[in-house]
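There are structures below to look over.
In what follows, subunit A forms one complex with subunit B and a second complex with subunit C.
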Partner chain A sequence: MRESTIMFFHYITAILIAITGLIHLLANNEPVIGAVIKANPVLYFGNMAVFLAALLYHAFNGVRVILIEMVPDRCWTKWISWAVLIVGIVTYAVGLQVLMVALGFA
Partner chain B sequence: MASEEAKEYVLPPEVLEETMRASEELWKPVRKIKFRIYKYNPKKDYAPHWEEHELEVSRGMTVLDALLIIKGEMDHSLGVRYSCRMGLCGSCAMMINGKQMLACQTRVLEAAGNGDVVELRPLDNFPVERDLAADFTSFFEKHKSVKPWIIRNDDIELNNPTGPYKQTVDEYARYYQFTDCIKCGACLSACPTAATDYEYLGPQALAQAYRYMVDTRDDGLDVRIPIVDTEHGCWRCHFAASCSDVCPRGVDPAQGIQLLKRLLIKRKFGYKPHKPAEALPAKVKAEKKE
Partner chain C sequence: MEAESEFKEYYAKNMRGISGWFKVRAYTIERWLYAAHRITGILIVLFILAHFYSTGWHPGLWWDALLGVIVTFHTANGIRLILAELGFAVGKPLLIKKPSQRPVSIEGVQRYVVVFALVLFIVLAAIWAYYAIIVQPMMG
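What follows is the complex of A and B.
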């Protein structure tokens, strides 16, 4: 994948974090809107799943960029990208399971 | 008749006298400045060290003038690179009191400010060739890697040019400022990303890539994209903009890199900034018919 594609998704996930994060905050801090959002648990779970995915992509891509700059050797660049991708997927799987348990889907 | 005309251009004696007096004033020693100079020859020295020389400086004296006096009269072994002495070649860029500047464009008193010490060392983020001369090998390799020349697909016109390529003033204005680059290396030296990531292409090469990608005479957009759109390409710029801050020619490489990023994203959606300019269409068509 080209670096521009990765960075394009980096910017897209930043917007997604702002939107889904706002929904998450409203659901837990605003009684009226919160009740409406939580009335549909599947939609709320969907929002949280997207929020977690966007957050992890954005955060782990940030870590990847820092590591690439700190270890600029080209042979390490590929390894760093793959390592971060695997850690990201594992973290997402664990996070999704926690969400499912917390929201009563499992 | 000719001598009469020539007489008109002779300066009046009082103006001439005033000019001479101002010139003398400019070069009259006014202050003693201590030059703290970085000395290191990687082939001989185990570690770098500093040497100090004191010099009476005048108001018009540049750092390069002072260095040449030091080299001529105090330390013949001093390594310093220079050529044009008027800010056009970019050879004499160095760290003057911690900032990237051209030695030929910086007056000693301006660099010293209220102090009496001027510290000189080679450009940061560059290997040292000797003393104040930095090694530009990697810098020029990066510059060359972005193919800083016009790329065309019309071989007939390219090999047998029939005339200049058409380009409007607006099209020229898109990249004009980046043509002012003198490759002095000040931007790469000031770049915080280049300080850690030695594979990073750097502001100079990336701004030059953008300069050619938006040049209407060029048709190499898709040839340069794989070069600049990498892990160590334009996306590693964090927009500190120190490159633009130190550029002695007033070029804004940071802006060039941001525009390059935008161009890459737009290209993903099929956008092309221009069609390659044609050279005198009638003649090209006539040649193709042949």
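What follows is the complex of A and C.
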């Protein structure tokens, strides 16, 4: 993927995190609104699934950008990009599994 | 011309590494915001790793308020960066005529966006601190 496309998704996920992260915070810290969100497990799980995906993309891409900037080398860039992608996908899979167990979907 | 290519080559190698983030002397506030954005980003990554590893872990009470300062700064400054990326509030391009002249992208309406981002940061951090210090202990 082109670097500009990756950064475009970086900004898209930033907006997604702002929305889903707010719902995540409200669900766990706001007594009234939180009770409404938690009463709907599908909404809670769906929000968490999107939040986790966006957060992992944004966080791992942020780390990737810093790492490839530290060592400006084509080979290093390629390896670090693949490593970050694989670690990100594995983390998402494990995270979804944990969520589904915690919420009683699995 | 040769000096310019040497100059570009030097910066392409990124010899300064992480210390280059803190070369903020004589720069504008945007440069400080850039360094702070990176540091808060790394701190948030460290937090979410702990938050994942021990599911739902958070530092607790005053540390939660500090976490709020970190997260809300990253959010508020991130909104400013997205606006700049999309071309809002950057200002019209202007030919730089003298070395002391600062680019219009950090002189014009961008000033107000910086102030907006900092005010938003303070408001969001205050709301977060209220929930971390007052509401959360009451919920048990």
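The rule we apply is simple: the second predicted complex is superposed on the first by the 106 of 106 C-alpha atoms of A that agree within 3 Å, B and C clash if a C-alpha of one lies under 4 Å from a C-alpha of the other, contacts with A are read in each partner's own complex, and residues count from 1 in each chain.
One rule holds for everything that comes next: contacts are C-beta pairs under 8 Å (C-beta built on N, C-alpha and C of every residue); 3 or more make two chains touch, one makes a residue touch a chain.
Note that the structure is predicted; figures quoted are calculated from it, not measured.
S.K.: For A:33, using the defined touch cut-off, is the partner it touches subunit B, subunit C, both, or neither? Pick first, second, both or neither.
M.R.: A:33 sits against neither subunit B nor subunit C.
S.K.: Output check: A:70 vs subunit B and subunit C. Expected answer is one of first, second, both, neither. What do you get?
M.R.: Touch status of A:70: both partners.
S.K.: Would you mind checking which one, subunit B or subunit C, touches more residues on subunit A?
M.R.: On the superposition, C touches more of the residues of subunit A.
S.K.: Identify the partner contact of A:4: answer first if only subunit B is touched, second if only subunit C is, both if each is, neither if none is.
M.R.: first
S.K.: In the superposed arrangement, which partner chain does A:93 touch: subunit B (first), subunit C (second), both, or neither?
M.R.: neither
S.K.: Under the contact rule defined above, give the subunit A residues that sit at the interface with subunit B and also at the interface with subunit C.
M.R.: 69-70, 72
S.K.: Using the touch rule from the top, collect the residues of subunit A that touch subunit C in their complex.
M.R.: Touching subunit C: residues 11, 14-15, 18, 25, 29-31, 55, 59, 62-63, 66, 69-72, 91, 95, 98, 102 of subunit A.
S.K.: For subunit A, which residues count as touching subunit B in their complex?
M.R.: Touch residues, subunit A against subunit B: 2-8, 65, 68-70, 72-74, 77, 81.
S.K.: Which residues, counting only subunit C, touch subunit A once they are in their complex?
M.R.: 12-14, 17-18, 38, 41-42, 44-45, 48, 52, 55, 75, 78-79, 82, 85, 131-132, 135-136, 139
S.K.: Within their complex, state which residues of subunit B touch subunit A.
M.R.: 193, 196-200, 229-233, 235-236, 261, 264-265, 268
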